[in-house]
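Take a look at the structures listed below.
First chain A sits with chain B, and in the next complex the same chain sits with chain C.
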Partner chain A sequence: MSSNLPILLFLVPFFAGVSMPIVTAKRRALCSRIALGTAIVMVVLATLNLRVVMTQGPIEYALGGWTAPIGIAWLNDSIAAVVVLTVSVVTLLSLIYGRLVVTSDLEKNVPYYTLILVMVSGLVGIVFAADLFNVFVFLEVAALTGYALVGAGGGKALVYAFRYLLLGSFGATLYLLGLSHLYVATGTLNMADLAVRLPELMTSTAVAGGLIYMFLGLSIKMALIPLHSWLPDAYTNAPSAVTPFLASTVTKVALVAWIRIEYSLIAPNVEVSAVPVLVLLEELGVIAALIGGALALIQTDLRRMFAYGGISHIGLILIGVSLGNDTGFAGGMFYLVNDAIMQAALFMIIGTIIYYHKAYTLDDIRGLGHHTSPWLTGALIIVAMAMVGLPPTGGFFGKWNIVLGALEAEHYLAAFTVVASTLLTLGYFLKVFAAWFLQPQDVEIQSIEVSNSIRLSLGVVSFAMIALGFMSDFVVQFLLQSVSSGGI
Partner chain B sequence: MIQPHDSVIVRTLGHIVIPVAQLFGVYVLVFGQYGPGGGFVGGVVIAASMIMAILIFGIGSEDSALAKKILHGDGLGLLIFAGVGGLCMIGGGQFLNYSNLGIPSLDESSQHYVGILLTQLGVAVDVAVTGVSIAVSLSFEEDEISQEEVTHD
Partner chain C sequence: MIELLQTLIQRPNFVVFVILFLWGIYIMAAHPNFVKKLIGLYIVQTSAIFFLVAFSAKEGATVPVIVEGAAAVEPLIYANPLPHVLTVTAIVVQVATLGVSLALVSAIYRKFGTLEEDEVMEQLR
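Moving on to the complex of A and B:
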């Protein structure tokens, strides 16, 4: 049974999501319970899967009994196990949090829960897939449901969902174009098989072009600057119930897909027409981290500010994994897990503020700190510590490893960028806290008690951010297993 | 909104052509085991026959009843597909490893045959449902379909 865990992790949300319209045709109220139950089962399965990978090492799962390269393979290694567990936990928390802020129109819509569950199954598929075309298929499953979720609230969100759809489809097309280049050049789509055949073909323009197309396609999906324009608008206008889930998973999982491709296909020190590929990727990360941070600093709408914060973190992770050494890679991957939790926490906090106080901008939250629930203030302080990167939160250890990796590789610009982006993050959180604790001018703010579901979700994410910090050494070593066992 | 066609020729031909098209769809689905065809193509042909029924007889008519019923079948095909895969897992193999389908008194190649036929059936059902839903959602408003339901019930 334990060998079937990856496919079960995919099938459980998929089956629940697809059968939901049929099962709940008579009793719509069951939807949210089924979704919650599915998420709980997923967390249990993902934990079991993590244990299996810890004890047995990476496992290749051959779908249909056909082993790679003939059949389709899924790779269940430490990276997949950790990311899938993160996705499952974030899904569960978003659903618990969503119980309060979900609007009745959204709730009445069976598709809402179906979409979330099918999207989770797509994300799980992306993480496990060890085959370029499989990644494309699941990328589309996750993306199509993502467009629908952004537009689920109706109104202005539909425009931005449509824009996301246009850009996302363009990205998917580019990715498909890229993988077809590689297929023509090598005759295989399996990543492990490609890793064997590609190194001698690196001088071929078809291969280089294919890799560039694939990177561009995935850059749109992961919102890497300058291809990020869909993200802030989409997250600002999407329903509050879905933004924590979307913000913490979509871009991160697309980045995981790229990291798998990058690590199995592009060897360190490889150069294409005298351009060192990894350094180029790292510089793109530097640009994204700095510009993203700077753009976050000038926002007044909180959701836009944190959306740009997430964009700048994508750059940081890309820097970490492109340094070409284990320290940087582990730092980048660890930061990715942390960032998923931080983004979920940020958007949960904003959603709660919007729900209770109808506050959207920096001006609106003036003085909230004196009246609002201590749960909100506490969670905000912890998430700020994690975003800025203060110990003992996990964010610190991620950034620390990235800096160490950069110094080890003697890439001082990368090290500088991590520090500079930390300062930028500190800058925009100072703006938030300045407003949060400022006395408002003769506006009466009523005190509130947040509901239990919010307390639970905020409590767990805050705990997770600190717990990740304490477990950082263990998690980092575990993530490095994938690298040391010969390509991911 | 699509009105029922009032030409006698079209309606009579519809009664003849639609069953033939459906039969052909099933043939393509089954023939896919040995030659060109399969679940997707078969599903498209079946969907085309049902869309034809809607175009000729209108959505509320008795002659296009199947097309309207099938609209409730969202995801049924996916469940068939995933269910067959799940059966293989219960039989002790990997997902979709038909050797472990667990049908007694069948040798391995026949199990593969049955497994592939069932998954293709799932694909066909899903493609047919999707095809009809696209046609319906492009040509009718949501309330028009339910109104038709009221008048004909």
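Moving on to the complex of A and C:
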């Protein structure tokens, strides 16, 4: 049983999702219960899986009993265990949160729940897969359901979902092209196998080209600046029931896929035509973090603002994992987990504001802090602390480790960027709070009570952000196991 | 220069791949019509598949099925199955993408009554 946990984590949401339209053909009301039940089962399984990895160390799972390099390998290590647990928790919370919003936003619930569950199975697959082509297939499973979820609201969202589809599929094609280049050069697609064969081939243009294609493809998926243009539009117009889930998982999991490739295939200090690869990636992260933060600062629409905030955090994580030392890597990975929770929290808060107050922009939320539910204000303050990076939230420890890693590697630009992006984040949250706590001028709006499902989801995400801060040392040490056990 | 030409002439498959790839990107970027953009995307995806097929093609190769009891396995006479498996899977992915994208395009048409991007953007404003 315990050795089959990875495949169970994939199959449970997949079958629940695919069989949903048939099982609930007579009674549509069952949908949300089945989806919630599946998510709870996933959280339990992911926790068990985390325990197994903690006690037994990384496990290679051979699909169908065929071991690598002939068969397809899945790697169940500390990174996979932590990220899968995060994805499961976020799924459960978004489903709880979505119960209220979904009925008003999406007329037909069956496709919504089916798509979310199938998408989760794709995300789990990406995280576990240790085979380049397997990653591609799961990327597409997650992406196709993602396009449908963005477009599910109808109206404007359709056009932006279509743009997302064009860019996303183009990215996937680039990734496919890249992996076929690597296959031509090495004759294998298994990451562990590639890690053995690649180092001596680094001078080959086919390998360099393949890695560049794969990075370009994945950076469209993870919305790395300047390939981010699909994200703000898609998240601004997608139904509020799906944005917390999409924002917290899609880009982050694509980044996890890249981190796996980067760490197993690109050795530190490796240079292609005198360009140190990791430093190049780090500089791309610097650009993304700074420009993303600056663009967030000038937005007036709240969803756009936080979408750009997420883009800048992708840059921060990329800086952390590309520093080439353990501290930076642990910081980046820890920040990735935190960022998943923070993005979910942010978009839940905005969704709630839109649902109760019909407020979309900074002007709309003026004075809202005086008559809205204290749950909303409290969650907003905690998420702001986490985004800016104040202790005791997890965001602080992630950024702290990235800065320490940057100083250790003597990359002062990276260290400066983390601090500067913190200031930019502080800047746009100041704008939000300035509007939020402004004295309301004229109209008296009666105060509202948020529903229990929203209280529960907001409470849990706020708690998780602080709890991650207290557990940071433990989680960081656990994540580092993947690095010390000889490459992920 | 002559060397470059030589390498190009010796690899017609890859020249075709490059042409298809760039052509697809051009159509995706330049045409305002949604369906034409889709066709461009389809050409790009096909070019990647063409690339997979181009490097895995082997003249006179046979099906990679080892007959039980055969004396020795000659790897040279078999076609490499893996790129072909990748090709088939990539085609399936492509078809799924096409399905979702056509559904989106038809929904856009029902909502906005046009398939031209500039007209749709005007309505959005």
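Note that in this section the second predicted complex is superposed on the first by the 484 of 488 C-alpha atoms of A that agree within 3 Å, B and C clash if a C-alpha of one lies under 4 Å from a C-alpha of the other, contacts with A are read in each partner's own complex, and residues count from 1 in each chain.
FYI, contacts are C-beta pairs under 8 Å (C-beta built on N, C-alpha and C of every residue); 3 or more make two chains touch, one makes a residue touch a chain.
What you see is a predicted model; the values in this text were computed from it and never measured.
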| Just from the overlay, do chain B and chain C fit on chain A, or is there a clash? | fit
| message | If we overlay the two complexes on their shared chain A, which of chain B and chain C does A:Y61 touch? Say first, second, both or neither. | response | first
| said: With both complexes overlaid on chain A, does A:V137 touch chain B (first), chain C (second), both or neither? | reply: second
| In the superposed arrangement, which partner chain does A:L176 touch: chain B (first), chain C (second), both, or neither? | second
| task | Could you look at A:F15 and tell me whether it touches chain B, chain C, both or neither (first, second, both, neither)? | result | first
| query | Regarding the shared-chain residue A:Y147, is it in contact with chain B (first), chain C (second), both, or neither? | reply | second
| request: Tell me which of chain B and chain C touches more residues of chain A. | output: C
| task | Scan A:N325 for contacts with chain B and chain C and give back first, second, both or neither. | result | neither
| said: Output check: A:I7 vs chain B and chain C. Expected answer is one of first, second, both, neither. What do you get? | reply: first
| said: To be precise, I mean the smallest distance between any C-alpha of chain B and any C-alpha of chain C in the superposed model; what is it in Å? | reply: 7
| said: So chain A touches chain B in one structure and chain C in the other; where do those two contact lists coincide? | reply: none
| field | chain B partner contacts - residues on chain A that touch it in the complex | value | 3-4, 7-8, 11, 14-15, 18-19, 21-22, 25, 61-65
| Which residues of chain C touch chain A in the complex? | 25, 28, 34, 37-38, 41, 44-45, 48, 51-52, 55, 82-83, 86, 89-90, 93, 96-97, 100-101, 103-105, 107-108, 111-112, 120-121, 124
| Across the complex, what residues on chain B touch chain A? | 72, 74-76, 78-79, 82, 85-86, 89, 93-100
| note | chain A residues touching chain C in their complex are 133, 136-137, 140, 144, 147-148, 151, 154-156, 158-159, 161-162, 165-166, 169-170, 172-173, 176-177, 180, 183-184, 189
